[in-house]
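Labels A, B, C, D and E are assigned to the chains in the order they are written; within every chain, residues are numbered from 1.
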Amino acid sequence: MEYILLIISAIFVNNVVLAQFLGICPFFGVSKQVETALGMTGAVIFVMTIATVVTYLLQKYVLDVFGIQYMQTITFILIIASLVQLVEIILKKVSPALFQALGIFLPLITTNCAVLGVAILAVRPDYNFSLLQSTIFAMSTAIGFGLALVLFAGLREHMELADIPEGMKGVPIAFITAGLLALAFMGFSGIA
Amino acid sequence: MASKTKSTFVNMVVVLFVISALASTALAFVYQATKEPIAKAKLEIKKKAIAQVVPEFDTSYNPIENMFKIALAEGDSLECYPTKKGGDFSGYAIKANTNKGFAGEFWIMVGFTPDGKIYNTAVLEHHETPGLGDKMQKSKSNWSEQFTNLDVPNIKDIDGDGILIEVKKDQGTVDAITAATISSRAFCDACERAYTAFKKIKK
Amino acid sequence: MSKLKIFTKGFFAENAVFVMLLGLCPTLGTTTSALNGLGMGLATTFVLVMSNVAVSLVKNLIPDKVRIPAFIVIIATFVTIVELSMQAYLPDLYAVLGLFIPLIVVNCIILGRAEAFASKNNALDSAIDGLGMGLGFAMALTMLGSIREILGSGSIFNMKIYQGDGALVFVLAPGAFIVLGYLIALVTKLTKKA
Amino acid sequence: MLKTFTKGGIHPPENKLSADKKIKILPIPKQVFIPVSQHIGAPAKVLVKKNDLVKVGQLIAEQGGFVSANIHSPVSGKVFKIDNVTDTSGYKRQAIVINVDGDEWDDKIDRSSNLKKDFDLSSEEIIKKVQEAGIVGLGGATFPSHIKLMPPKDMVAEVLIINGVECEPYLTSDHRLMLEKAEEMLVGIQILMKALKVEKAFIGIENNKQDAIEHLNKLVKSYKGIDVVPLKVQYPQGGEKQLIKAVIDREVPSGELPISVGAVVHNVGTAFAVYEAVQKNKPLIERVVTVTGKSVKSPGNFLVRLGTPVKELIEASGGLPEDTGKIISGGPMMGKALNTMDVPVVKGTSGILILPKEEAKRRKVKPCIRCAKCVEVCPMGLEPFLLMTLAEKSMYERSEKEDVMDCIECGSCSYTCPSDRPLLDYIRLGKNQVGAMRRARSRK
Amino acid sequence: MHQKNNKSMSKLIVSLSPHQLGTNSVNKLMYGVLIALLPTLFVSVWFFGLGAIIVILTSVLSAVIFEFLITKYVLKRENTITDGSAVITGLLLAFNLPSSLPVWLVIIGAFVAIVVAKLSFGGLGNNPFNPALIGRVFLLISWPVQMTSWPVPSPISNKFLGYTDVTTGATPLGKLAEAMRNGESMTSFFEKIPNYTQMAIGNMGGSLGEVAAIALIIGLVYMLMKKIITWHIPVSILGTVAIFTGILWLVNPVKYANPMFHLLSGGLLLGAIFMATDYVTSPMSKKGQIIFGIGIGVLTVVIRLWGAFPEGVSFAILIMNAFVPIINMYIKPKRFGEKAK
């Protein structure tokens, strides 16, 4: 039950994009088409989960042990950057088609602050997460990111066909849409 | 213009290593330099909170150094900061948490006078909804003033559930923040937990 | 490019938020009030100037292939410095900005400027560029923060300007998106005319 | 419960003004115009030249390819010229113009009106006769009929469906034919069955032609294997795929022909033409045309020689009304608007409909409110609103993915749209573009 | 003769088929919806008196005025007032507000509904979210106190002039949320709320248009008869709520309220009949509409029972609005002759 709540909370209630403002850049950058949004979601779920596991272990068994918590930001970001490289290399070999589709977005994940943000949140002392909890937290957060991204991509594809006023076309209307989506997601608040 | 270092393997490793080493050194230095102020800043916050919730006390007896923990249940304990005036205990600042908040756990400091009255309260950390739940902060509204000088031992437990500090909706005496009953209820819960801890000290 | 132009382009022509759409997370996440927006903007400016200078100084020493990791390390170092200093000397602001301080490291503006400007220009120009870009960013954040604070809390820089409650939604996530959306539409319209 | 097709459909006001008007023979005009493209496929090749003398029923243009049809002279007289003439498409196309002189028929044609029931021909012989007579689908599609009688090698026809639906509002030519030439038509059906080697034929008739249903029901008893199937009134039931679904509940797969589900569909008019060709040696030189419209003085059904200018038909039914806004060749749903009354009646002309200005005016187009009514009525299960938007935004790749080519252009979407959006116009544009894209692809 | 003929010919209208159009029109559909809303309008005025009239008039008028001003002066497009959609948005917004809401808040709600949620996207037909609900949720989140003060209804004869001076009380759903949090049993809970008959005629606290179940159902029947909407969305929503709450109730009747209560309380009927069926923001295919309805039903119950807001219909509809493009993309009507894949 505790895990279910954690999952629901991370996906819906505290949606990483719509409530916490993390990962906004890819949210706007990779949301023009549902298909690419789905691909990006896959990549983020993968990177975010692994990154969180690795950084969690690093925090508990290196930084905390040696009392050098101040190295957190620097080590975390390096780990995430190298992980992305690794994913890129693996993807290139395993699924060239997917690589083709995601190639340009993968480097974006490095600067997807949601990945670093979740890694940092997962080791926050007041959460006191276990490794399993951290993993679930990261994965659910990534799914929440994907959910928001895919819904948003659908809405934007829909708007491609709509008659948006000149001044609102493109970025402005995308923000308004995101705002209204966030408004709708407020309905989930308090579920716990 | 100096020529660019070539991307040979040795160069790369050396450069990265040097940069990382420099960065760590710089950080270690800054960390050392800020360690004291950070600790002080944190202490300051705590001191301020304690001073807010208990009557004036003698600075000769440091409540932070004399902090002790009171266990409420297995793995659940609260910190208590006792203060003295003229040699006697004059107040107890208890740092209490609750997980019944609207947005998860929050922390408040509750000060008791030795006779069990709440002297005052202060919010330490919270994630309640801005504009609603955050009205429990003194800076946002005067809602929490109803806890000032609250004579807890003399509250009648109307519904007989053993809980004294409750909002009116739960047959208690506290007016809830409008449209933020959950936060109000959680605040009461934190106070109740602090009071339970206080009673244990008295024993 | 004249020094003045390097400095001013960050305010309008290449404003990070309104035009380039960079650094959106802190833009939305920390602008619940004018003061928070300003604080975040200045913290970012500091990191931006320092990392720009550092990158431009060492640019020739770094082999191309490890350029990005090296830049990230440099940026992360300054971010951590800001984080520690803020914790020490501005604990209240730190409590509010919280997670977004370490996240400056992934703010695309900083790595972007390091890549696009500092790695190709001298230290002075890079510093001016960083300052201009940073202040432009800070300006955008303060603007957004002010609007949200006025609409959401009825105050600006914590000074009450009208009685009663504001529209809470502007303090929350939906309001942030909506205000920024209209703001970008407005800025685009104004700059297009000019 | 009456049978009908299950997906989509509309029920526009029927307006069958000329349903009880007997077929009148229209006098032969002074001059006829015979376009060489009266059918789907390649134009026929002209066999006559200026000043040639021709008889009624004489071959004047021959089949110009596999999918094409012969054309015979509907009149006797002298070839005046071979020139470009505006036809129902609104374009000028090659046509043979004949100045009429008397009414001299080819000797082989049996002009008597007695019913000839018996025939003793092989399938191949029938098909040859049909082909020679230049018979095409008379329901409006004008697909050469003999091709439909020759299923591809790997497919077998199981059932013949005769289209007596006439779902277009106003039109009554098929209705009258079923009443007045029922026996001939039934013999024609038997000939078609023989040609296709099928044992079973159904005549689908919409329930609003009760008299025809009763009449045929009486007669079919003496014809083996033919059944009348009354259908619920619903447009576009006359569409081949819809009719097959309604009568035998089979769905022709997207992009395939009816024969893929074992069905062959012919119009009642075609069945009658087949009778005349096989039993009377009479090629396709005349047809029944309805002239109708609310403002028309005396709406009626006429037996008309092909090539007769539309003007003559209109004169015969009381002249062009004052407030005429639109003259349509065909019905109101799928017909073509004419820009002149000089166009000739051709093999596919089932009716001439005259709409008053008030009804002909285009309504103001309003934004799509996404009410989904077009989706509801589309008999092909398409999403017209989307296809229109995609065409508007020139997104043809997606149009193709959204099955734009399945559209049968029945117009139900435009008819039902509360915002009066010209859905079908844009879908046609999409179809054209996708068609061009496909051709370009296959060239590669 | 030839000349004259040509002249008359040139007046012929040439266009592509079809040449005959149906009698559907946007105005007719919109006015149909308005007629269907009349019974509810009557009941709300009956129970909430002057307050209802003030809120409804303000909402409708400001919606229409905002639509007029923005289309004319900002978008510079053709006037769209006559299509009736702004009136419906205004009326539906009013039906989602308490009768004691200050006029200035009503105006803000109408502004958000019309300007932010509708015209920013290009007006009728382009908005992805239901405008009236966006207006309502915006107000609910911004001014929760005012938005959750529900005047106690009283028949018009008793207290006609009761706009500012009214007693307020919680809605049955608000009371349910209380009871559930306190672990109160349903038996004692049901003693505190109006009985089903009272609930069905609308004698309970709540938004203007949500209280009268019978009036709303009359509207539904009218719209179904006039073929303005089909049954798919309302039935799938109500069915899902009934089944979902029914299962919970069968499992633990002490803890969970019965389906009847859930159907009659709050804005469920108003939402299912008038808000979710909004053409613009609902899926195009029947299958899609059913999925949409089920989604709304499930989310409504989840938010009602476990969320912070006592009523979840508005949020549920808005959340499912966001799913509509995806639903439209993947749930296609079955094509005729579709080949098995």
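Going forward, contacts are C-beta pairs under 8 Å (C-beta built on N, C-alpha and C of every residue); 3 or more make two chains touch, one makes a residue touch a chain.
Keep in mind the model is a prediction, meaning the values are calculated, not measured.
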{"item": "Fewest touching-chain hops separating subunit A from subunit B", "value": "1"}
{"item": "Other chains in touch with both subunit A and subunit C", "value": "B, E"}
{"item": "Pair exhibiting more inter-chain C-beta contacts, A-E or B-E", "value": "A-E"}
{"item": "From subunit D, the most remote chain by mean C-alpha position", "value": "B"}
{"item": "Centre distance in Å when subunit B and subunit C are each reduced to the mean of their C-alpha atoms", "value": "31"}
{"item": "Centroid spacing, where centroids are CA-atom means, of subunit C and subunit D in whole angstrom", "value": "70"}
{"item": "Averaged-CA centre spacing for the pair subunit E and subunit D, given as whole angstrom", "value": "48"}
{"item": "Averaged-CA centre spacing for the pair subunit E and subunit C, given as whole angstrom", "value": "41"}
{"item": "Where subunit B touches two or more other chains at once, by residue number", "value": "23, 27, 30-31, 102, 129, 132, 182"}
{"item": "Residue numbers of subunit D (touch at least two other chains)", "value": "367, 386"}
{"item": "Touching two or more other chains - residues of subunit C", "value": "69, 73, 76-77, 80, 84, 165-166, 168-169, 172, 174, 178"}
{"item": "Inter-chain touch pairs (all)", "value": "A-B, A-C, A-D, A-E, B-C, B-E, C-E, D-E"}
{"item": "Complex interface listing, subunit D residues touching subunit E", "value": "7, 10, 12, 90, 169, 241, 245, 251-254, 256, 320, 324-328, 330, 332-341, 353, 355, 357, 359-363, 366-373, 375-376, 378-383, 385-386, 403, 406, 409, 411, 414-420, 422, 424-425, 428"}
{"item": "Complex contact set, residues of subunit B against subunit A", "value": "23-24, 27-28, 30-31, 102, 104-105, 129, 182"}
{"item": "Contact footprint of subunit C on subunit A as seen in their complex", "value": "18-25, 28, 70-74, 77-78, 81-82, 110-113, 116-117, 120-121, 167-168, 171-176, 178-180, 182-183, 186"}
{"item": "Subunit C contact footprint on subunit B (complex, rising order)", "value": "1-8, 11-12, 15-16, 19-20, 23, 26-27, 30-31, 34, 37-38, 40-42, 44-45, 125, 129-132"}
{"item": "Of subunit B, residues touching subunit E in the complex", "value": "102, 132, 169-170, 178-180, 182"}
